[in-house]
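Each of the next two complexes has chain A plus one other chain: chain B in the first, chain C in the second.
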Partner chain A sequence: MREQLLAIADDELVLGWRDSEWTGIAPVLEEDVAFSSIAQNEIGHARAIYRLLSEDADALAFDRAPEEYRSSQLVELRFVPDWARTIARRVLYEAADELRLRRLMASDDPAVAGLAAKIDREEAYHRMHAELWHERLRDEPRYLAAVDELFPYTLAMAEPDDHESLIARFEPKTVASNTVLQAHARGSHADGWSELWEEMTEVRRSVPGATW
Partner chain B sequence: MVTAEAVWSALAEVEDPEIPVISLVDLGVIRRVDIDGERVHVEFTPTFLGCPALEVMRAQMTDKIAELGGEADVEVIVDDSWSTDRITPAGREKLRAAGFAPPAPREANAPRLVQLQSQVFRCPYCGSTETRLENIFGPTPCRSIRYCMSCRQPFEQFKTI
Partner chain C sequence: MIYEVFRQERKGVAFEHAGSVVAPDEGFARAYAHEQYGRRGESAALWVVPRDAVMEVEDFVDELNRNYHRVDGYSLKAKLAEARARAAAGDR
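So, the complex of A and B:
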């Protein structure tokens, strides 16, 4: 359970970081506002889960070596300035995240179930945002290509129990082989991860124990 | 000797740092106050987990309780026990008067887009129900932006949590 919670918190932290890269440069002002709020929420979720796992959330978030993070490759990829991939990731991530949150909400541990229920109430608005964009771009070739490209990463991020449901929802042209899923599995990191890790941890590496 | 009543009254003077028209008590984020000698245990439920005002609120509560001669022990409860339904009727009216449309009632399941688009939201300025969703997100995570077609004024709508 601890491993799973750490993976979820790392996903939320890293995606929050990636989404915040749109602050100030999103294609329209509304999305500048939306991505900033979404990123803020995701990082808030990461902090709450880290606190469940440790007294010192900042130490978990920023003091680990890059290979110790359990984030999935889906959230690590850097997409700025590519809006089609950015939206495809938001749509796919929220779909997979909803499934795993459902499972946590049914957990026997009341602290986990309670926090998951709280997170889910906030994620509902991220899902609505994703749904609006999915409807808007559903016939756009660049968006559809981005969904196909990122679908294997989504399966690699999700628990195997959720694969069937995700495949039924997104109907990918081909289903990724086990070899492809292995290549994208947690524990191996995507291109751009080391640069992101350096940026995220720069303050704490310069001033150990720095707080905000 | 600090009393629970005195603590509740003091906390009713602490404003939400991001929406200063409403107090923490009106916002419904104080779940419980327990007194043990000088120790004042406060159960506090955040609105949004990423809300940057949380630490400010905690510091303000600690200061207020210190003014009463108490030592605050603020426990942050991160479960689903806070909902926008906990905003008091007085709090809802203060929000509306300041131009923030109060949240719609919470339902058993988390809201979906179709509900957000079909529910009737009233303009806090002119009272018209001819309003449309402009952006699910707004200046803080707890608010959306809507637009009133009657008085042609954008306004902020509290999200239902």
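So, the complex of A and C:
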């Protein structure tokens, strides 16, 4: 359970970071505000889950070695300035995240179930935002290609129990082989992960042991 | 398309104009209004209205300056002060 929660928190932290890269440069101002706000929410969710796991959420977020993070490759990929891939990731991530949140909400641990319910109430708006974009871009070849490209990463991020439901929902042209899923599995990281880790932890590492 | 957003600060109080959002359709207008005027918990509810749906009435002419039609046309304060002064002087 701990491992699972850590994976979810790492996903939320890293996706929050990646989405925040759009702050100030999104295609329209309204989307800039919405995206930044969603990114902040995701980082807030990561913080709440880290708190559940440890007294020191900052240490979990910033003091681990890059190979210790449990984030999925889907959230690690850098897409700026590619809006089609960025939206495809939001849509796919929210779909997979909804399934695992639902399972957490049914947890026997009241602290976990309670936090999951709280997070889900915010995620509902993220899902609404993602759905709007999905509807709007559903006939755009660039967007559809991005969904197909990122679908294997989504399966690798999700629990095997959720694969069937995700495949039924997105109807990908081909379903990734086990070899592909293995290549994208948690524990191995996407290209660009070490640069992202460097940036994320740079300030914290600049004065080790400081109280901020 | 421009949507005007009205914001209610807490349940029971009147909605006030908060600003506007640019959105391609109602769904996005709703999402953008939610993020721009509600994300800090500053609103209990929002009204989101297409700008075209807002009827503007601004033709208020008063060519003959009939200021007695207006609430500020009759200065109660001054009259009251005068009446009090008269009463104090015993002049009924």
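We adopt the following convention: the second predicted complex is superposed on the first by the 208 of 212 C-alpha atoms of A that agree within 3 Å, B and C clash if a C-alpha of one lies under 4 Å from a C-alpha of the other, contacts with A are read in each partner's own complex, and residues count from 1 in each chain.
We take it that a residue touches a chain if its C-beta (ideal position, glycine included) is under 8 Å from a C-beta of that chain, and two chains touch if they have at least 3 such contacts.
As the structure is a computational prediction, the values presented were derived from the model and not from experiment.
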Touched partner set for A:E159, first chain B, second chain C, both or neither: neither
Contacts of A:M128 with chain B and chain C, given as first, second, both or neither: both
Which of chain B and chain C A:E30 touches, first, second, both or neither: both
First (chain B), second (chain C), both or neither touched by A:R136: second
Partner chain(s) touched by A:D191 [first = chain B, second = chain C, both, neither]: neither
First, second, both or neither for A:E199, with chain B first and chain C second: neither
First, second, both or neither for A:A117, with chain B first and chain C second: first
In the superposition, chain B vs chain C on chain A residues touched: B
Which superposed partner A:E68 touches (first chain B, second chain C, both, neither): neither
Shared chain A contacts, counted only where both chain B and chain C touch the same residue: 30, 33-34, 37-38, 125, 128-129, 132
Touch list for chain C against partner chain A, complex: 21-24, 27-28, 30-32, 34-36, 39
Sites on chain A touched by chain C in the complex: 28-31, 33-34, 37-38, 125, 128-129, 132, 135-136
Contacting residues of chain A [partner chain B, same complex]: 30, 33-34, 36-38, 40-45, 47-48, 51-52, 110-111, 114-115, 117-125, 127-129, 131-132
Residue numbers on chain B that touch chain A, as the complex places them: 48-52, 78-83, 110-113, 116, 134-141, 145, 159, 161
